[in-house]
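By written order: A, B, C, D and E. Residues from 1 in each chain.
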Amino acid sequence: MRSVGPVLAVIAVIVALWYAAAVGMNAAWVRDQAARAGTEVSFLQIVPQTMAQERPVLPAPHQVAKGLWDGVTGQAITSKRSLVYHGWITLSATLLGFGIGTGLGILLAVGIIHNRAMDQSVMPWAIASQTIPILAIAPMIIVVMNSIGVSGLLPKAVISAYLSFFPVVVGMVTGLRSPDAMQLDLLRTYNAGRGQTFWKLRLPASMPYLFASLKVGIAASLVGAIVGELPTGAVAGLGARLLQGSYYGQTIQIWAALFAAAFVAAALVGIVGAVQAAVLKRMGMAR
Amino acid sequence: MMTDGSASDRPVIDAQKVGLTFQTADGPVHALKDVNLRVLKGDFVSFIGPSGCGKTTFLRAVAALEHPTEGRLLVNGMTPEEARKRRAYGYVFQAAGLYPWRTIAGNIRLPLEIMGFSRPEQDRRVKDVLQLVELEGFGKKYPWQLSGGMQQRASIARALAFDADILLMDEPFGALDEIVRDRLNEALLKLWARTGKTIGFVTHSIPEAVYLSTRIVVMSPRPGRITDVIESPLPRERPLDIRDSAEFIAIAHRVRDGLRAGHSYDD
Amino acid sequence: MMTDGSASDRPVIDAQKVGLTFQTADGPVHALKDVNLRVLKGDFVSFIGPSGCGKTTFLRAVAALEHPTEGRLLVNGMTPEEARKRRAYGYVFQAAGLYPWRTIAGNIRLPLEIMGFSRPEQDRRVKDVLQLVELEGFGKKYPWQLSGGMQQRASIARALAFDADILLMDEPFGALDEIVRDRLNEALLKLWARTGKTIGFVTHSIPEAVYLSTRIVVMSPRPGRITDVIESPLPRERPLDIRDSAEFIAIAHRVRDGLRAGHSYDD
Amino acid sequence: MIWIVSALVFWAATLALNIRISHSRFSTTKAGRLVVPAIFGLTILVVWELLVRGLQVPSVILPPPSAIGARIAVSLPVLWGDFVQTFVKGALSGWLIGCGAAVATAIAIDRSPFLQRGLLPVGNFVAALPIVGIAPILVMWFGFDWQSKAAVVVVMVFFPVLVNTVAGLAATEAMQRDLMKTYSASYTQTLLKLRLPAAMPFIFNGLKIATTLALIGAIVAEFFGSPIRGMGFRISTEVGRLGLDMVWAEIAVAALAGSAFYGAVALIERGMTFWHPSQRRQQ
Amino acid sequence: EEVTLQLKWVTQAQFAGYYVAQDQGFYEEEGLEVTIKPGGPDIAPVQVLLGGGADVMVDWMPSALAAREQGADIVNIAQPFKSSGMMLTCLKESGVTSPADFKGKTLGVWFGGNEYPFLNWMSKLGLPTDGSSEGVTVLKQGFNVDPLLQKQAACISTMTYNEYWQVIDAGISADDLVTFKYEDQGVATLEDGLYVMASKLEDPAFVDTMTKFVRASMKGWKWAEANPDAAAMIVLDNDDTGAQTEGHQKRMMGEIAKLTAGSNGALNEADYQRTVAALLGGGSDPVISKEPMGAFSHAITDKALN
């Protein structure tokens, strides 16, 4: 892979900046502690102390790495202390939600471009639905679904889907409308039906838009799954880890969970990107 | 206007006082005005005229891609819209307009898929028309891998692949060299003679118009209108060397004069 | 090959054994092979040949839009890349390729903005070239509001608006009727005579090639190569009726024969 | 039962009405374009009201729209204060900074193949950090007031705008790029005159998605610590107090503000990408 | 018989009694099958109860009484916690030594139904909470003690059994802190009671189930008080997030035991009256506007404990 070098270089820069920031942000605490103890500390004494705090403002990279490493390899992956276990729980809700959300998003987009009534009435409300703060209604969704006897994966996936359908709708509506007049006219001369116009023109033409949306959608889906884990009583999943770490001020645990989530997200986005490359190549659109 | 039929009595295209105005940000554009024309079954009608005189617009109106703002336009006795629904048209656009995500063969197959031809039939037809436009061996290429003229031929092939009764061709041979053009002209004439299709054909080449057509419509711009309709006395069978005959040259002359008159507005 | 210069001794385009192969999914395509050509300053060189013979590819290679895979190609003694960096080229593409978000005037203004012309100078030039291509009054329209021929003229205007030393034109007049075409041919000749530009010109019209050029390059496909280079003995001053002269007809004949020979491969 | 039946009947009736309107001439007028979504919205509200009453849903679970409306009417000053705190200070400023940074990053990435291969994957990664995890950290860093909310919004909107802009910058046609090459246009010129205009439809996709994310982000961030005003603060405390009518009142304000925000961006989009087929057809 | 219990907060030693009863088979002995649902910052237990997601919940009395006024028909059936664990913890260096120093300071408070005791206290002190120079600036405190460590607030809310120790764990010694217990300030309210929907109590079968539940739960609580370390380990076993640590839970259990000591599960009416009085006397913004009626019932504890 040609990108290994550049990626490593960028990471190196970030890690360096991060260490610097860790020193800067954690130093105040070291000084305060010294002041409370009535001692003086020199800069050289401060530096190592900023990197070994139990609850730093900003944990040093190696602390996070260790947290991650312990979380992943420290125990059997079925253990409740394993990040793999929690990651899997979140991932399954993410994937289910992404599936539902993408399906719904595409369906809505298809409806919107084909039906004036839908275009005019659904779009404004789809937008409105996204402005409803998810964290506010997530508990209600969970409570309501619980009270009708649905619990476990599905309520979380519903929240995931709720967040991920919107980017798909917006992108697909633009994408499905992107064929130019001549391309559409051609099919009109064949008297192609709406279905045929959709399959043979609109859908292929919308692919670049679709994939841009899917990347955003899958990341949103993960956020949804994590948000959905909070009000389920923060039982399991990366969201629960984050929140628990947050309750107890365990900065390192928060960061480890955060990075685990970001790795999952990056992997998911990467997979979508790979599918995109493959599909566009098959369609002869990658030059 | 010209109403005397030759091949059959039923007018395939019947335009009466057709007008079409585009509303644009800086005022209306009169693309067509008072256009009267009757095309009978089996006619080969060429449209010639200065750039911007409404040739494309008229063809598009016939294919129900634009809607006349005035007058009456009938196709096979129906509205163009109804005729379109019956898949009466094969249309070659002025620009090739191939779908970039389909190969050349895939592009030609497109109308066949839409009209529900069986797979072997599709394959057969794709092969035939690729041969007709001299693009054998390019079926698997993507449009951007072809030269401009090859793309144009692919788009012609696409329109010929299914048997529409009415063929509307907007400068189909514009980007081709003389030799290929001659050969395709001949091929088109043969096809026309064999199938009795009605053909509407836009061209800028006077010899091409005279060589191909049973009738030549000369147009003039601002507003777009018909200034002359020339019936060709040439026989239906036309060897290439008919172009050296006195009759041919006389007609070409008349067309050129009409064309020049259409340009007079800005001389 | 032909090396004898007429206007000046410095070769503007110097191609030696140039070859260009595209790698495609189903094997390599030899778009150019063994192309030798020397174009001197002030030459008007036409390229003619069957569709797919590499005319566009050669022009693109000269403009550094493609890179020869073999041989040596120099422009003004530099690599095409360097020449491009010095803004040596005006290029008219085979398709109009106007930017849809700019008006016609805005499209023509584009190169002027890029090359840093002053605003009043821009306005003046836009007005001039719009007049040259007979599009006065269409400056404020958007590309999709123009007919095909008008779009093509707008793209010619765009290339003429700034004074490039080398003008590369890929079938610029393909979509124009004879009358406009004649007028633009004359205008182009005048411009050429006045400015001494070097022009590379792709066309499918034999009369056009003969009428305009000091040299006609006939090409043939698979692999794309030069089969004949015809020096025109016509004087630099060329009234339109020179086309009826015996000399003219003789050259046209030679070009047609060359063209036919290029087609022989598939006869 | 009566309630439920009448809810269904009402729903069917307005649905039919809407379909008729949208097929009539009227729907193409300005008024028509407002009426259809308004009827749709009214339908939702009425059906909601009827169902809540019919099914006797306790108001601490879901209050009827009438109660929410009454609450809005008496709480306007509070709602306005919350709106300013969360939307104007938090969401709007964060949106501007975040979108600006994303477009700038996209250009930087696009400019340098090195960054493209180096920064894009890392950028994707950083931007994919879930807000629920980032919010507490940013609150810790930037304090309780609106600055930390704006920071959360910046992080949230960054990714969608980045992805769309990168996709958009790649969306030019080969011939359009070749033209610029023949002019030997500089990178900046190509960017300003070709790639950014061509990227606009994509960028606006990102910006539109970002409007809704901005609002969510600002509100959610307030759940993790805030001064005692703001929409997120109000929602989280009122949930605890079972003041569900107030919660929904805030949600209504959020929906209204968010839709207006989205609409404003969509309007700008229409002005700037009028040439794109997706916009041209609606004219 | 199945019973679902909705907790107010996440799995921790604060709820040890229920986990012990579960783990030690006390519920089973009563023939109960109990599901314990952890809570969280976004969970309003009352909502879950009314939505039918739980049969019984753990809640604080101020929010429960406020919910009653909103029309939530809930009733206290038992009160395992005798005293309040709430306090305000201040950094000494912020200059706070007594409630008189609060003026002009920033104080961190939990909202979401937990703010009532604080607001009540401030109104008793005559301090407005609108951020004016005459009063105090109130921060909605997040989930943890960062505002104090970052010095964004002079004082923050803590529980004797939880957040206070987090401050200590963070490295600030008890000497650097000043604490104000609500119990000591005379503004303590009842915490962690068991509540059910009043209408359900009309069903004798439900009353019977609850009786068994309360009896077993109290047995659990007393077991936990007697074996705090073992109880903490049981809690740890039930924590699905794997985030809790042994040391913290053992210490929490120790503190919790102090709060549950002195309660046999029955609500002490004097404590109740004290809470109600505090909530009614909230100055301009009282938590409840009128004396609640039927907000508790001794029916269950009477049966369960005799």
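Convention: contacts are C-beta pairs under 8 Å (C-beta built on N, C-alpha and C of every residue); 3 or more make two chains touch, one makes a residue touch a chain.
The UniProt protein names, listed by chain, are A, D = NitT/TauT family transport system permease protein; B, C = NitT/TauT family transport system ATP-binding protein.
All values reported here derive from a predicted model rather than from experimental measurement.
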Shortest contact path, subunit D to subunit E, counted in steps: 1
Any chain that touches subunit C and subunit B: none
Interchain contact steps from subunit A to subunit E (minimum; 1 if touching): 1
Centroid-based (C-alpha) most distant chain relative to subunit B: E
C-D against A-D, pair bridged by the larger set of C-beta contacts: A-D
Intercentroid distance (Cα basis), subunit D paired with subunit B, Å: 49
Between subunit C and subunit A, distance of the C-alpha-averaged centres to the nearest whole Å: 52
Interchain centroid distance [CA atoms averaged], subunit B/subunit E, Å: 84
Multi-chain contact residues (two or more partners), subunit B: 95, 144
Residues of subunit E whose C-beta touches two or more other chains: 41-42, 44, 47, 51, 142-144, 146, 150
For subunit D, residues contacting two or more additional chains: 61, 136, 140, 174, 223-224, 236, 239, 276, 280
Chain-chain contacts as defined at top: A-B, A-D, A-E, B-C, C-D, D-E
Touching residues on subunit B, where the partner in the complex is subunit C: 22, 24-26, 29, 48-52, 55-57, 94-95, 134, 140-141, 145-150, 153, 170-171, 174-181, 204-206, 256, 259-260, 262-263, 266
Residue ranges of subunit D touching subunit C (in the complex, touch as defined): 173, 175-176, 178-186, 189, 193-194, 197-198, 200, 273-276, 280
Sites on subunit A touched by subunit B in the complex: 182-183, 185-193, 196, 200-201, 204-205, 207, 283-285, 287
Residue numbers on subunit E that touch subunit D, as the complex places them: 41-42, 44, 46-47, 50-51, 63, 66-67, 70-72, 111-115, 129, 131, 137-144, 146-147, 150, 152
Subunit C to subunit D touching residues, read off their complex: 60, 63-65, 84-87, 89-91, 93, 95, 97, 99-102, 110-111, 113-115, 142, 144, 168
